[in-house]
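The following blocks contain the structures, represented as structure tokens.
Shared chain: chain A. Partners: chain B in the first complex, chain C in the second.
Here is the complex of A and B:
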């Protein structure tokens, strides 16, 4: 029948209109600045850099391998590699980024940087309130603005963060076991051949690698 | 007007305001957007006007189908070089005071298509943009937040003096030249006075 759909639609509207006086459920509007729609756990906006511990610069997981920079489809990441090295989470000396910029005016939130990162250093943020009138400076995030703690990562993506943490702990245990085994082997070797005295004190120190 | 004095007077039942405040309040509470969308960000813009996010709460529910009646242009989506002259023309047809929101990566900078041959690398090459919203696409809340940012910007404008808005300045540029389809690119590639030539800092 002609107009049946309109009547059905109007009936639904009327039900919500009058129902909203008795039931809060019928009020669909989420009044944004005061209340928010809860985000889904897999929600993502722009990438951020994870750091461990309290110091963002010291705990940065990124080792400036530049894989994300090369893989980024719209080329919105710019990384400068450091000249010196600093120890990472497992105590291994690694490079670090002296500059890590993401141009969020170009970023398309594809998550490819996250997928290719072998160090679990770059993850997706859920912060979306980034509107600005500053075209250049306001839309270019540097490494200080990008650095967010691991605790923050746990609050936005709890399941994923726990998985990442257990994987990193496993890897760290593996590295430590390997170092220990190497040190033991070196010590055994040194004990078996005590005659050449000068090299005996050297292996345990360099045995970690 | 002293804010403290104003609150005190308000408690006594005397409400005072300045013409500037009243004027800005009126302007910011009835920013009517123009009804046009260019690509996928427009879907988020439509979602923003629907019941859940409800842009009517900010006085912007009336999407005008004509640029003559609109105050705000939400450039939502990819601006191709074919479409750019029409966007500039629509902006020229809008009456002052007028504002522009560049919504999404494509409207700000060309986004994922910025290395292509057919997409304009940001609408701010031709028309002045007031608020940029990054995101691909931005969430409806991000558009609302941009709207609040724009309202704050309108609130902070003075009616007199050097930093008065463009529409109160008789010498300000009112019309922006519409680019032509050149042999290889749009001509001119940007409007002078709108797009500053970026200085590369190394």
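Here is the complex of A and C:
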């Protein structure tokens, strides 16, 4: 019969109309500023820098290798390398960035910086409320604004963060074992042939790879 | 007391007018009536925009606007301020004069239609003997404004929208008129207050509205279809189909001129609903004889608001038609059916009182509807769409 489909459709919309007043579960949207849906674990907005421990400057994982700066497609990262070195998580002296800026008005959230970083130092944030009334300085984040603790990383990407932590711990253990072995070998050598020239301090092998 | 309340606006008008010398009173009464119409309907428009958005939201299981003021009721105020302070852009190669006049012509002609609508007992601005004719003359002028807007903008989307609008509005204008003619055939008058008066009688508690007769119901359905098309409402909103034509004939309008188009569109919706109420739903008369104590204007506006709700409900339900479907539907289904309904109305008029005319008229209309529906659905050009996907 002609018009049957229209009546069916009208009944359906009427059901939605009255149903939305009766049952809250029908409502597909949330009242955003008051009510928030937790962000998905794989959500990503802009990068941030991870630091270990409580002190952001001391615990910063970034060693200013500048790979991300070179790889960044829209060139939104600017890094200045330090002159001196400070020990990293494994106790090895490394450079650190005296300046690490990301212009999030340029960043395209491609995550390439995260993928190329050999030090697990840069990760994607889920913070999206970055509106500001200063579109130049307000959107240029410096290293202090970018630094977020490892605990924060755990809260936003728990699975990924745990994986990263175990990998870092493994590497640290490897490095320590190697250092220990080298020290033992050096001690044994020293014990075997006590000549005045001690073996040249072998650099603790391999940074992060 | 109830009588006083029923006539409260008339009494108020007379009281305000009696401060003036007797010679000026008739003119003052008309001016007061105009002021009332010009205030009430745009106010209603403001409320309707909010309720439409909220209603559509509810239909889609959303909440709708609720930020500005309690329950979002001040949203139209914010929208109005925004429209007022926006830049008014006129395209460089547009015909500036016509471009400027188009929204004015729309709003003015739509407002003219309200002059003959009886909004309550004795509440009609101009009691014309040929009120219905005047109304349709004014309604036809809105097409002019749409085409003025589309043509003067010098924009292909505007022009396409305007051409669609004119084709659609002229096609459905015929149906609108013919469905109203059946009411005129029975009531024997073109005066809208007289048409309401002819429906304002009761058998027991039941009213004699024209929608409660077979021909009246058929004419009302056709009128509703044509009225929806005439006001460019969904599912007949091709002239402004935003997915194809940006915004149709008002693509090049911004700021308050755009707001005027918006206003004109909603006013046309009120006016079509008001006329439909007057012709088929008994105008300001109460639905049951024991409810006549409630003022007549409450009934009129109540019925108009219910029609508006149905408009919104349809908008939330139906997808837009394709241009060929629209035309086929108008000329191959709605128009023949309305013509048949005219014949049935004549039959009803001349068969005299009794149950025989009920049976005969109902059978003819139902049979015609079923046959035309089946024929229409079985034919490819106005039937359901068939899709061919690339393999």
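Assume the second predicted complex is superposed on the first by the 181 of 209 C-alpha atoms of A that agree within 3 Å, B and C clash if a C-alpha of one lies under 4 Å from a C-alpha of the other, contacts with A are read in each partner's own complex, and residues count from 1 in each chain.
Definition applied: a contact is a pair of C-beta atoms (placed from the backbone, for glycine too) under 8 Å apart; a residue touches a chain by one contact, two chains touch by 3 or more.
Values in this document were obtained by computation on a predicted structure and should not be read as measured data.
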Could you tell me if A:14 is touching chain B, chain C, both of them or neither one (first, second, both, neither)?
-> second
Which superposed partner A:136 touches (first chain B, second chain C, both, neither) = first
Going by the touch definition up top, name the partner, chain B or chain C, that contacts more of chain A.
-> B
With the two structures laid over each other on chain A, which partner does A:31 touch: chain B (first), chain C (second), both, or neither?
-> both
First (chain B), second (chain C), both or neither touched by A:84 | neither
Can A:6 be said to touch chain B (first), chain C (second), both, or neither?
-> second
Set intersection of chain A contacts, chain C complex versus chain B complex = 28-29, 31
Which bits of chain B are touching chain A when the two form their complex?
-> 51-54, 57, 105, 108-112, 114-115, 122, 124, 129-136, 138-139, 141-142, 144-146, 148-149, 153, 198
Which residues of chain A touch chain C in their complex?
-> 1-3, 6, 9-10, 12-14, 16-17, 19-21, 26-29, 31
Quick one: which bits of chain A touch chain B in the complex? Just the residue numbers, please.
-> 28-33, 36-37, 45-46, 73-75, 103-109, 128-136, 138-139
In the complex of these two chains, what residues of chain C are touching chain A?
-> 55, 58-63, 313-314, 316-318, 369-370, 372-374, 376-377
